[in-house]
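Below, each structure is written out as C-alpha cells.
Shared between the two complexes below is subunit A, which pairs with subunit B and subunit C, respectively.
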Partner chain A sequence: MAVSDIETAAAAPASAASTASARARATAFLAKRHHLRWWEALPWLLIIAAYFIFPDRLTFGTQVLIGIMFALSLDLILGYAGIVTLGHALFFGIGAYTVALLTARWNWGEPISSMLLAILLSSLAGLVSGWFLLRYRNLTLLMLTLAAAILVQEAGNYRSDITGGYDGVPGMEIWKLFGVFENDLYGHTYYIYVGVLLLIVWYIVRRIVYSPYGAALTGIRENVRRMHAIGSPVHWRLVTAYTIAAGIAGMAGALFAQSTAYTTLGVFDFDNSAKVMVMLILGGTGRLYGAFIGATVYLVLEDHLSKLSPTFWQFGIGLLLVLTVLFARRGLLGLLEDALKYFGRGAKS
Partner chain B sequence: MTAALQVEKLNRSFGALPVTRDVDLTLERGARHALIGPNGAGKTTLVNLITGVLKPHSGRVLLNGDDITGTSQAERARRGLARTFQINQLFRGLTVLENLTMTIGERDGECNNLWRPAGAKPSVIEEALDHLESLRLADDALRLVRELPYGRQRLVEIAIALAQKPRVLLLDEPAAGVPSSESHLILDVVAALDPEIAVLIIEHDMDVVFRFAKEITVLVQGAVFTHGTPQQIMADEQVRAVYLGEEGHKVAGASHG
Partner chain C sequence: MSASAIVSILFDGLAYAMVLFIISVGLSITMGLMGFVNLAHGAFAMAGGYLVVTLTRSWGVPFLPSLVIAAVVVGVASIPFERILYSRLYKATELDQVLLTIGLAFMAIASYTYFYGPSPLTVPLPSFLTGQIDIGVRTVPTYRAFTIVVGAVLIALLWYGFERTNIGAKIRAAVDNRRMAQSVGINVDRLFTLTFALGSGLAAFGGGLAIQTFGLTPSFAVLYLVFFLIIVSVGGLGSLKGTLIASILLGVFDIGGKYLYSDAGGFFIYVLTVLVLLIKPAGLYGRE
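Presenting the complex of A and B:
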C-alpha cells in the first residue's frame, strides 16, 4: 500500500451519523457521571430512620457514623489512589489525642475548635509522613506505615505521664456543643452532630473523587508508569490525597474522643488500622458507599457477636472477610450491584 | 535551527554491563527516524534514558535546545516529549475515553482541580473524541480498555501519546504483539502522523522501517553502529551482516525449538 492510500484511509471518517451519536453518548457519559443518583439518598434516609427506630442505641450509632467517616477517609487513598496502608490509625489517634490533651492539660474542651485543630494536626502529620513514605509502594509502604503508627504509639507510651498511656487520658471534659447542647447519656446530640459532619465529609470526598484530580488518582492506581509518562506529578498527587485522608481520619478520631470522653493509646493500635481496612474491603473499595456498608456491617456484627461469645466473636468477622474476599471481590456493595443487575435482567426477559 | 531532540554521548550500565555506550542521536523538527538493531542492543534502554525512566551515568539529553538530563519523567512529558511502550501501559479498568481525558487533563493542568466535576468541561471531551476519531477508536470510546482486542489497545497507546500534543514522539515497537493481519492499521496511523512532530520509531519490520524512516540509526551492543539514510543503510554490507546474522540465529533457534 502506498503512503498516499494510507493517509486517505486513516483520514476517512466512519459514517457521519454513527460518529455523531457515538460522540453524543460519550459526552453524556462523562458529563453526567457526577450527578446524584436517587439511591444515593438511601444511606442518609437510613441514618435518619435509625435515629427514630433505635433511640436507646444512639451512642452505638454514633460510633458507626465515626467508623464510616474513618473508612471513607481510607477509601480515598486505598480505594481510589491505590495506596496500601496499615498505619491509618496514626491519624485517627492524633485526632483523638489532640482533643484529649487539649481538655486534660490546657482545660480547653470546646468541641468544634478542638476538632478543627485535630484536623489541622493530623493533616500536617499526613503531609510530612506522606512526603517521606509515598516514594515507596506495596509491601514496603505497608511496613513503613505500620512502623510510623507504632513509633508514635511507643513515643506516647514513653511519655505516659502526659498521654496517660494505655490507662487513658484522665479527666477529659468536653464542653457543650455551641455552648448549648449537652452530650446526653443516650447520645442524641452527638448522633446528630456526627451525622451532619459525616454528610459534609461525604460531600467533600464525593466532589474530590469526581474531579479531574480524582480521575488522576484513579489513573495512579490503574497504571503509575503511564501516569509518569503523561506528565503527572505522581508523588505530589499522592501526598495531597494522603494529607486529606489523614485530616478526615483525624476528624473521626477527634469525634471519637469527644463522643466517648475517653481516649487511650489503644487508638494507635495496629488493630485499629487493620479494622478500618477490613471494614472497607468488606463493603467494597473505591466506590464511597463501600465505607458506609462495610463499617455498619462490621460494627453491628462485632456488637452482636461479642455479646454472643465474648472470646470467640472475631471468628465470625474473619469468616465473613474470607467469604467476601473469595466470592465477592468487589465487597458487599459489589455483590449488591450484581444481584440488582441479575434481577433487573430477570424482570426484563 | 535547534534540533527537537539531541542526545549527546549518553552512557549507562547495569552493574558491570554497559548497555548504552557514547550514544549520539539527533532528531530535527519533523524527523522520521528509525532506531534498529538486534535484540538486546539497548534500544528500549535508550528510550528510557531519553524519557527519564532511567538516569544516564554520563552524557546529556536536550529537548528543543534545553538540557533536560536532570529533570523528571513527568517534567519531560510536560515539555512535549511523549512515548509509547513496547508492552501496553494503559488504564485498563477505565474506558478508552477516560484514558484520553485524563491525559488531556494532566497536560493542561486540569488535574490540579479537586472540586470541579471532571465531565464539566466539554472542550476536553471533544478533544479526546477528536483524537479517538482520527484513530478510528470513536466507537470504542465507552468500552473498558481491558475489553478491547490487543491490536486496538495498541492504538490506544498511540492515542494517549498523541493527546499529549508532543513535539517529540518515541514509538517503541508500536505494532509489537499484533497479528500481521491487523498491524497495518497501526502502521497506517504511524505513517499519517502530524509532519510537525519529530518521531523516533523502534521497529523490527524492515519493510516498515524503510518505508517510514528518512534516517536510520543502527544500534549494536549499546553503541551506535552506523547512521544514515535508508539507501545508505540498505547498501551497508556490515549492517546486512549484523542483521542477517541475527535473522540466521532466529531461524536456527526456531528450527531447534
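Presenting the complex of A and C:
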C-alpha cells in the first residue's frame, strides 16, 4: 500500500472517497505500528551492557546471540506465517556445513564470503524444499519437514569421508575477520561481529513483519481460506517467507561454525529443531522479541542447570514446555504483557 | 543376491515390522480419531519396556506374563494423562499438541534416566525363546519367529475387534466422521479414552517386545518416534491396513537397506517416506 495509491484514490471522484479514507487509515495504522518504540532499544542496550559486564563469558554470549538469530528466523515462519516445522535445523546445518566444508575441503576460511555463500545455499534449500513441502499441511507437513532434515543428515552420514560424520569436520581453520581481527580466546571479536549482524537481521525481519507482506503472512496464519478468497498468492507468500527464514537460519549456522570452529552432523538433529522451537515458544511467538528473551533464558538456564545435572535440566525443560502450553500460551512476553496490564500501566506506550 | 539373503531380509524385516506395528497402531487410531499429534507415544512404549525389565529382573515374573502386565498397567495409567492433559488440547492447534507432548516425552526421558540410568538394559528371556529354530528354508532366531507369531495373533485380534464388533464399528464411524458419529449418539470422548488406553497398552506391549530387538535406553522415547510417526503418516491416519503395510514396508526396507548398503542404510526409508507423502499427502490408506 504505497503513498501513490492513496493519492490516486484521493484524486478519484467522491464515490471513492470512503475507500480513500479507509486507505489513509490503513496506512496511518501501518505507519504507527512501524514506529520504533523506546523499549525496543532495551535488548540492544542489554547486549552492549553484557559485553562490559561479562568480559570473560563472551564465547557463551556469542552462542546466545546466534541462538537469538536462529529463533528469530523461526519466528518469521512459525510465529508470523504459522508454518509448523520440525526440521528447521536443516537450514542451520546447511549453513554450518557450507562454512565447514569450504575451509576443510577447499582451504577457504574467509568468514564473510563463506557466510554469504552459506546464506545463499540455505536460502536455495529453503526455496526448493518450501516449494514442494508448503503445499501440505498438518501432520503431513510436520513429517515432511522432519524427514527432510533427517534425509540430509543421513546423506551426510553416508559420505562421512567428506563430512566427518558425527565426529565433526576435521581441520577447520577460520581466517581473521577482514584479515585483521582474530577470534581471540574470550570471543570479543565474534561477540561484536555477531551482534552487529544480529542487528541487521533484526532490522530486516522487523521491516518484513510490519510491511503489508508481513500482514499477509499473519493473515495466512489466522485464516488461510479467507486469504485465498481475497486473491492473495498464499503459496508464494509462504515459500518466500520460508526462503528468507532458511537464509537467516543458515546465517546463524554459518556463524556457529565460524565462532566454534567445530561442526558435526548433530546440527541436523531433531533435538536442534526442537530446541529452537522451545526457545521461541518460551519467549513468545509472533512478537519479534520472543526470540530474544526465549533464547537468552533457555541458553542461560541450560548453561547453569545442565552443568548441575543434565537429567534435571531435561526434566525441567519438559515441565516448562507443558506449563507454557497449558498456562502461558503466549510465552514469557505474553506473561509480561499481562502483568503490565494488570498493574494498570498498559503495554502499549 | 542369494536366496538365503532375501529370506533373511524378509524374515528379519517382518519381525521388525511386527514390533513397529504393535507400537504404532495405537498412535494411528488415536490420531485418526482426534487428529491429536502425540509425540509422547514413544514414552508409553518405553514405560512398558522398563516395566517389563523391573518385573522380570526384580520381581522374578516370567517374560510373557510381564509383557501382559506391562500392557495393562501402562494402558490404565495412560487414562489420567488423556483425561487431564490431552483432553484440554483437542481443539488446540497442532503446534500446542506437539509442544505439550514433546514436553511430556522429555520429562519421561529424564525420569527414566534418573531411575534406571542411561545405559542400555536387557531382559532375561525364557529358554524356549532363545537359540535358533528351523523353519524349513533355513534356521532363524527363535525370538524373531516368536515376534512374528505374536504380531500375527495381535493383527488378527485387532482386525476382528475393528471390523466385527460393535465397538470397532463405532471407532471406524468416529474416524470417518466424528460429528456424524456424535450426532447418532456415539460418545466419542469415551471412545477416545478407551482407544487411547488400548493404544498405549499395545505400545507398552510392543516396548517390552522391542527390548531384545531395539535395545532399551531412556532415549527410546524419541529415538524411534520418527519411525512410528512415519508409519502413521505413510499408512494413513486411523487405518489398520495402512499401518500394517507401512510397518512392513519400513521394516523390510530398513533391514534390507542396512544389510545391502550398510552406510546408506538409513537413507532409503526417508526417501520412501518423502516420496509417498509427496504423492499421497494423506498416506497410503488415509482420507483427505
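Methods note: the second predicted complex is superposed on the first by the 312 of 349 C-alpha atoms of A that agree within 3 Å, B and C clash if a C-alpha of one lies under 4 Å from a C-alpha of the other, contacts with A are read in each partner's own complex, and residues count from 1 in each chain.
FYI, a residue touches a chain if its C-beta (ideal position, glycine included) is under 8 Å from a C-beta of that chain, and two chains touch if they have at least 3 such contacts.
What you are looking at is a predicted structure, and each value in this text was computed from that prediction instead of being measured.
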{"item": "Partner chain(s) touched by A:Ile150 [first = subunit B, second = subunit C, both, neither]", "value": "second"}
{"item": "Partner chain in contact with A:Thr98 - subunit B first, subunit C second, else both or neither", "value": "neither"}
{"item": "Touching partner for A:Phe312 - first (subunit B), second (subunit C), both, neither", "value": "second"}
{"item": "Which of subunit B and subunit C A:Ile208 touches, first, second, both or neither", "value": "first"}
{"item": "Which superposed partner A:Thr27 touches (first subunit B, second subunit C, both, neither)", "value": "first"}
{"item": "Subunit B versus subunit C as contact partner of A:Thr243, first or second or both or neither", "value": "neither"}
{"item": "Touched partner set for A:Gln63, first subunit B, second subunit C, both or neither", "value": "neither"}
{"item": "Residues of subunit A that lie at the interface with subunit B and also at the interface with subunit C", "value": "none"}
{"item": "Subunit A partner contacts - residues on subunit C that touch it in the complex", "value": "31, 35, 37, 85, 88-89, 92-96, 98-100, 102-111, 113-114, 222, 226, 229-230, 232-233, 237, 263-264, 266-267, 270-271, 273-274, 277-278, 281-282"}
{"item": "Subunit A residues within the subunit C interface of the complex", "value": "78, 84, 86, 132, 135-136, 138-140, 142-144, 146-148, 150-151, 154-155, 157-158, 160, 270, 274, 277-278, 281, 311-312, 314-315, 317-322, 324-326, 329"}
{"item": "Residue ranges of subunit B touching subunit A (in the complex, touch as defined)", "value": "51, 53, 72-78, 82-83, 85, 89-95, 97-98, 101-103, 105-107, 110-120, 122, 125-126, 129, 133-136, 138-139, 141-142, 160, 164, 184, 187-189, 191-192, 211"}
{"item": "Parts of subunit A lying in touch with subunit B, wherever the complex brings them together", "value": "1, 3, 6-7, 9-11, 13-14, 18-19, 22-23, 25-27, 29-34, 207-208, 210-216, 218-219, 222-223, 225-234, 237, 240"}
